[in-house]
């Protein structure tokens, strides 16, 4: 597993920067013979787009350019590379962040880690912009998961289950908020996932935490399970197919799918780029100073994240299924 | 990343079954020249051992047998394999679980996944017994993390922060409980972790979910961050070293350590083997039947898990540090 | 190691087809801070180009398009993706190969392996065209190998060390030929390579056999060593730096560089696309039939391969050096 | 691919030292349900054993100890670890090699690479002793390759095809010799191997060069192909199954098996431990000095290597087949 790749058989490799020529992704290990066209990507890309209340006014066309691996509208078995050109960039907004790192952002650590050589414009390679590429890979992953339905929704924003109200309040306060996204996958076969390091939870959490702003994940009852007893939490089996009466396990026992619905939730922190004034260290003046973030930003990035989480889950599951297939599962 | 291995440079490969001859682990990619003896393993192994109230009466000597990679009490740079013989096994306890899979356990999914060929005795390769090997690898990992202090503690059991009271209540009720373990790592350098798929959160969560019974993980403020605004959650920088006023990020920005304390918590579900009667499907009678788990089990496995979580964190961090070192970080 | 990727830290992922929109490569794990411009790629790309006697008349501009990972003419530490657009394609030349697979080519096996979904035009993803991307990655790899000089030359063509004469004869006979390329690397530090599976020979041969038409490789005395005795073959040490009197080992002992010059040779088979009439099985007529290859082809692909082999060696060595650096070597 | 592991799905991890407690190997990714007993290992282990003229008088019992992954004489799907205890070691023979590194051996490079911490006794982790573990993994790999026959034989020793005569001459001269081993695999399906970096040649050569003393490899006509023309070398197809008239390609086109016999040869250099007096640098006296190797050694290690090469080929092919299976090939 190298730095910018994920997966063992169905393997995605991401590249690009927010304000460079393009962002993109290569999907290796996709089986041959799957029909795919540019149109197949559009619905999921549309769900990720900005435009609604609480999202950034930066809009990109986000038309995927299929560079390789597809011939006659069908996957060939060779690596599929998809590019998204960056057209709508305003780099001058970001010049000041080098001397005054934005709280909650990666500016400070990237500058240190890469000795100042990182492309700092708009978050560079660490920008949420790269999730457009993840969504594209997710579309391909979903295509390989025949008959399986993955669906993620924002179930809470700013601590409020009435999400429209939460957004309205954030706009009024001009302060960013986070939220909780729940993802469910139906019709997964029994036996996906591996007993130890490659449990379903391990693989999904690995890629889920690659999504900017994710700070927690729980499967089934998750943290609330810690307040239950074993007799409350255990899911009794009620038939020979492994159907359980309850689903506190979230569809996973011992790291392996049990045929019940896969359920997990992630915590999205409030968007780091809040319009509110904050404090940071100014490298030039060598003092703490107030900072107000400029540029075009989301007040609630969690609004656009469900489809990204679906993509992440689909990629992890597609890989686990192919690995399982190789071993006869 | 193969099924039973984790890590890219500092790489651990686990093997063994609960009731087979031994469990063990191989650590590849450990630098040469690190002093290590059998005695170095004993304190962490002792912390994992059973014996306290609420833990299983099965006791193992758990003396590590260093098979390779250590010469003159020093690592050689070659793979280090450590074995733990299984002496204290009672296999007959487990015969019935094949027809009546235990709720909350992996019996059902393992039987399906491996077409009945899995070693079902005591959970086989999926047993918590294997965490003894993980702890041993963790000891080696900690040795490579010079100057870094990793510490995990049980902060809540059965929803109660008074943990002795929680255990007493579980014993009285004869029903198993779970808990929350918090892990903190001090003195990590800035710049550990990679921008996208190999974020610190990704790598730690990947291996943390390999620990049986872990069902959730959160970094810094985690799920409670979803109820905060950006101006509340962002950690203001207060000096040139990147020290922050608060630590809602848990020491990680953009997937990379920021020099502040690394903080994360995991949710441990209640031990599946509760003494309470449960219901399961009996394959032979083809009906739902009551089941009472026999054998020697922990009422609160969370009591023994902190050192396992420390080991997992140490392994993930050791690997990320070595990868970072190769690239000059 | 996934299908279309190579390397553990310095990791290349290749994509594209001969007659698709582009071929390209992503280099992950390249250290930040290395100066690089489009001009840096041109000399090696020029060496790979067609145009000389014995090479294909198909010419591509082969201007690298740097899509990511470079900012202000310097590597950033993020993945570097480089594209080469395919402008000069004539797909109609290749239509017939589906019914009559070309001897010596991959047409037959690709059709079977990918159930007919592969992009068969011009060899598709298996085309020698992709070596342009490998050369580009090699340029980056060489940049990381400061002070190390890698040089490959064609030392024999069609069994003749007078290479001009060999080419003239091939043109006269209108039959393709192969050759032997020798590669030498100077100033490698002692200690590169790993004791067992990742020996220098293992890693270089792995990537060298990815180059189309390579059918053999030998290090140092190689196959001729099998005719020597131990006292003839062993290289006596003559100083404390490990300099040896002879270099039958080709600079490698036990899979690890010993500080002497690294020397290896590869065998390039004659170009499969010979102008001579051959026999193949016609799927439609169900009989053996004569076949004459059309299209624009090299009579001696070995002429263009030395720079590709250099690139392969540089990539393998760059990766081994970074791995070694992580472990303190 | 980490230092001491090989393979993506069927993955072997080797450990141990010549004079440590044991050598061993873990095989992860072996499908469940394959019958296996200790007896299954004995024939191949016997072929590797010393005892014949020209081999070392050191004899080990070489009884495999199956530590994990096998239950009721059947693979379970969990990692299989096999140990071979080292009983017959004489460490004192090796004390002097630290000051006077043996020509042709890895003593010098290991000392440098591991800063003197390596276990230098008997070659330590780099010893040919570890091939006993490779042979064991090969036995398991062969079990997964149902219907496929892999056979390696020594076809030339010391440049002589009359191998008994070659050995007799080496004993008479008291100088070690090498040889050429040819390996053939029958009944491989069409489509094994991947188009680019994971060609059959890439994967087999990677692991073949892990065998101590291998210095060259060629597939099909190999180096002699460089003296042929395209019309001589290309293998004409003669039926719809892809059977070819000749087999200059050695059963591989474009890195992928074509259904004809897989054929390759490796060059084994003369055993480095020749009884003849050699010259080396003495670190203590700081001068070139004569050296005579003591200890128990093979005059022609090539005699014992065919079964090791078979094992290497079987491991590489088992992995490629499982990867192919996952993608539907």
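The letters A, B, C and D name the chains in turn, as written, and every chain counts its residues from 1.
To be clear about the criterion, a contact is a pair of C-beta atoms (placed from the backbone, for glycine too) under 8 Å apart; a residue touches a chain by one contact, two chains touch by 3 or more.
All of these numbers come straight from a predicted model, not from anything done at the bench.
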Practice task
State the smallest step count from subunit A to subunit C, taking one step as a move to a touching chain.
Solution key: 1
Practice task
Go through the assembly and pull out the chains touching subunit A as well as subunit B.
Solution key: C, D
Problem - Rotational angle, Cα trace of subunit B fitted to subunit C, multiple of 5° - result: 180
Exercise for the section: Tell me whether subunit C and subunit D, two copies of the same sequence, contact each other through the same residue numbers or different ones, using over half shared as the line for same. Expected result: same
Completion exercise
Rounded to the nearest Å, the gap separating the Cα centres of subunit A and subunit D is 44
Exercise for the section: Express in whole angstrom the distance between the two chain centres, defined as the mean CA positions of subunit C and subunit D. Expected result: 25
Practice task
Report, in whole Å, the distance between the mean C-alpha point of subunit B and the mean C-alpha point of subunit D.
Solution key: 37
Exercise for the section: Among the residues of subunit A, pick out those that touch two or more other chains and give their numbers. Expected result: 2-5, 8-9, 14, 29, 32-33, 77-78, 113, 115, 125, 195, 323, 328
Exercise for the section: Can you check the complex and tell me which residues of subunit C touch subunit B? Expected result: 8-9, 29, 31-33, 77-78, 195, 322-323, 325-328
Fill in the blank from the handout: Listed in rising order, subunit C residues that touch subunit D in their complex are 1-6, 8, 14, 101, 103-106, 108-110, 112-113, 115, 123, 125-126, 130, 156-159, 170, 173, 175-180, 190-191, 194-199, 201-203, 205-207, 209-210, 212, 214-223, 225-240, 242, 244-245, 248-250, 253-258, 267-274, 276, 278-281, 283, 286, 288, 302, 323-324, 328-329
Exercise for the section: Quick one: which bits of subunit B touch subunit D in the complex? Just the residue numbers, please. Expected result: 2-5, 7-9, 11, 13-17, 20-24, 26, 28-29, 32-33, 65-69, 71, 74-81, 83, 113-115, 117-119, 124-125
